[in-house]
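What follows is chain A paired twice: with chain B in the first complex and chain C in the second.
So, the complex of A and B:
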């Protein structure tokens, strides 16, 4: 699926925005393998381009949350105890409020755009990472070799960047992969209810939203993007599980 | 002071701190929004282009000319007295709007919780006892697929099948049993997937403990083994995740209520976000935070009640 949306548009060079009013809601045919939508636009092209937005957006969110979560987690693990307590309560506070609700509130405050939607998702998702990294870094810091490094006078920041982080890299990838799927789901859900990209631009979530008015006549328009989301998330989750098993095996 | 009491006091305190931070966040959400609250409230009361003096007077009345800290303490003071502010859209007090909508959401979430626990717990137990059976594999497959399907999409698919094609259930949600069945099922689905796997893992974990082996060696029947020895421990370790699940059911309601146009607080929150009605959103944040903290407290107390190991500290 990832390969399909990244190289697919190169092979299927149909303009996803081109409207052909005469060919509205056509069933699948040779020239439009998945048919056309209510404006006569090619569905396959829209799915492929839409997938780019969905996946690239979710990847950016994962990257942002990883960085933020790692930074906060490191502050918790290395900083003084009061800082740890304060930051832990802050992460708990953000976890107390449903991420979707908070993202809704943030996108109501910020102007409505795709970038701000991603920002809202980063700001609401990092808590999970922070907790995870805090625990992981603390576990790593308890290792004898860290004590050895401290004894020979390596500075705390150097211990973190030179010794702890390289060892955490595997865990980092696993954490981001397992979270990637749920980010795709959240992103498409918010874009489905009308936050994010504005209509002419396709994205899997808003493709489903646009199909709602026609879905009794043309269920195809609603079912295809949903299947795309589901299969993508399914494979990513399976990949995450496989990676997790691999990393856990390495540790024992 | 015993460790247990100190522990509970510590949890209570951090819950209170979280609650306070939630209130700060809700306050900031209300105040960081673009637009002038005074003007929006006057518009909501029917004045399309209010005169400048009226806006100024309203600003003074709302205390918007005071420093932010003072505004926060005024706001908190109002909340303690049950005054949550007025909606920018309808001009009505926000708590009135919630009093109308909250029962519908609670009913639906309650139905969803009953469904999810009623299915997930037996399913998880059975897959643990009959490990690697057909049922276990089927349950696993469903759980993996269930976690990948977007809720709003499966909602539309089910509407298409059960409402549009078969005409068994209404497509639009309402606070009747038939009207909330479909949204409740969809709300329960991801929880069924998650909880049944959790029950399975916990049960397997408990069944592998040595005291179970001992009991089995002493000739205890498999039935007695499961119900008298294993289940209490499974229940104790499930309290925390299940109480968090209750809190997160409410997350799901936001999107699902929007899809079904269900008259609950989730849909109200989406509408409020789309038109920038911040006091409504602010209270939604407060309610969600409150439910989370209370669910956490209940989980802690439930753990203390169910797990004798936590109580023994007091006697020794």
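So, the complex of A and C:
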């Protein structure tokens, strides 16, 4: 799916925004393999471009949450005890509220834009990462080679960047990959209820939303983006599991 | 390899689960169709179950919010005048409304009309009712000024005097803000309709039952239950499964997906969808650009793409359904639109887009999700104007009021309910200071014609003045009128009789409406 949305538009160069009202709701054919929507737009082209927004958005959210989670996790692990206590309680408090609900509230406060939607997701999803990285960094800090570095006077920030992070890189990738699927789902869910990209730019979540009134007449308009989301999340989760087995977080 | 095998088995298991879910839904369908039979039998009790997505009233006092709208819609409340299905004004609780002089109207009441408390409607009740409307309903003042005087002549006659000539009084008396009522007892207004409200569960259900002493004979239904189901798909499934008997305001695209045993009644409504332009700022401060825009939109294609071809295209400020003679002004003419833009100095560049002195012809078109088809229309307009070299950015916002009231817009999709009274639409959209004239548009010719229209009591002369105003709208448009959406009602074939579609959605329930056994 990732390959399809990355290179698909290079081969299927149909304009996803071009309207042909006369070809409205056409069934799949050679010229429109997945048919057309209510404006006569090519569904395949919209799925491919929509997938780019969904996947790129989810990747940016994962990157943002990883960086923020890592920074807060490192502050907890390396900072004074009071800071660790304060940040840990804050993390737990935020975790007590469902992330999607918080993101929904934030999206409603911020003006409607894709950037604000991603920001809302980053600001509400970092807690899980922070706890994970705090534990991983603390575990790493207890290793004998770190104690050695501390004895010879290497500063804490240097220990983190030169020694701890390179060793945690595998774990970072695994954690982000495992979470990627749920980010796609959250992004699609918020996009479905009207936050995110302005029309007519397609995104998998808003493609489902747009086709709600056709659920009996043209169910394919809902099923196709739904299947894209489900398949992508399934395979990303399987990939995350495989990576976790390969890296083996317990040994890290 | 073994791990891959395990994952593959998991996937197969998942597929089985999905298939199993499919079988479950088949079983569920069988169950609901059994329910449908049971429910249809229950209908012989004469209870009409209506599903709606529109808000139910917050209470049963018509002096609060839009309760009056709901009460008239569901047959509980009545006004002195009303509009027929072909938009003719006719007396309802009044016998006649006629002018005595330029500022005074005499209202003769129908005799024998009973309130739900059993008392007879008298002229003094109408005075009390009007005073209650003026005091409690802010919109009432927009129809008949609150400084108007009422004088009781006898039990069945009263005079209504306005401070200046108001030709629209008979039309205004048909507005639900002037539903005839006695002050609420225990939060329930005393009304005169064929049904009386008996219970209201907030945001859930409104129940009404037949009023035995109704002045115009017995109504066809024993009870009406109005259920609010916010999701349109859930409403349509409830109708199909037999949990509801009737749906109102069905989305056109959803309606065309309903099975063949569902009867659809579609009529172009009196609502008008349009694009509001901010004539105070570029590029719409140029009359030629506004004129070009009004000719650049293919309204038939809009209707096809967003309302499944139903409803009616608009060519001037009045919807075709309100029965006012139209001056066709805003018709699709892309060649003329291009000529006007060229004249205004907006020329097509090498990229196919228009610009003037290095400034691109571009604007933001706001929309809002409250009426789903508006954003879809905005998307279609964006594509159509691109062909003419105009760049449009569509921006959907939750609260359109905040954008338009502060004047923070280039152009905005908007929608208003109109009236068969030619004065109403002009007075609320085109006059300086009018409720929906957010751009502060002012046109001396329209202002003076409106003053004339307001003072005129003769219907034919009012229509003639309305035509003058429409001609002015053609020369100097500030709104680009698009279409009137359809009002679609759905019910199972053969299950109802006596239903009369009315372009005014406030007359859903009629005395003749009944459930077939």
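Following the convention adopted for this analysis, the second predicted complex is superposed on the first by the 249 of 252 C-alpha atoms of A that agree within 3 Å, B and C clash if a C-alpha of one lies under 4 Å from a C-alpha of the other, contacts with A are read in each partner's own complex, and residues count from 1 in each chain.
Heads up, the rule we're going with is that a contact is a pair of C-beta atoms (placed from the backbone, for glycine too) under 8 Å apart; a residue touches a chain by one contact, two chains touch by 3 or more.
Model, not experiment: these values are computed from the prediction.
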Which of the two partners, first being chain B and second being chain C, lies in contact with A:194: first, second, both, or neither? both
Which of chain B and chain C A:109 touches, first, second, both or neither: first
First (chain B), second (chain C), both or neither touched by A:233: first
Of chain B and chain C, the partner touching more residues of chain A is B
Going by the contact rule set out at the top, does A:245 touch chain B (first), chain C (second), both, or neither? second
Looking at the overlay, what does A:92 touch: chain B (first), chain C (second), both, or neither? first
Per the contact definition in the header, classify A:214: touching chain B only (first), chain C only (second), both, or neither. second
Contacts on chain A seen with chain B and repeated with chain C across the two complexes: 108, 194, 212, 215-216, 234, 238
Using the touch definition from the top, list the residues of chain A that touch chain C in their complex. 17-19, 21, 24, 38-40, 108, 112, 194, 198-200, 212-218, 234, 238, 241-242, 245
Of all residues in chain A, which touch chain B in the complex? 89-90, 92-102, 104-109, 111, 181, 185, 188-189, 192-195, 205, 208, 212, 215-216, 219, 222-223, 225-226, 229-231, 233-234, 237-238
Please name which positions on chain B make contact with chain A in the complex. 14, 17-18, 21-22, 25, 29, 32-34, 144-145, 147-154, 156-157, 160, 164, 247-248, 250-251, 254-255, 258, 269-270, 272-274, 276, 278, 281-282, 284-285, 288-289, 292-293
Write out the stretch or stretches of chain C touching chain A in their complex. 3, 7, 11, 14, 232-233, 236, 251, 253-254, 256-258, 301, 304-306, 369, 372, 375-376, 378-380, 382-383, 393-398
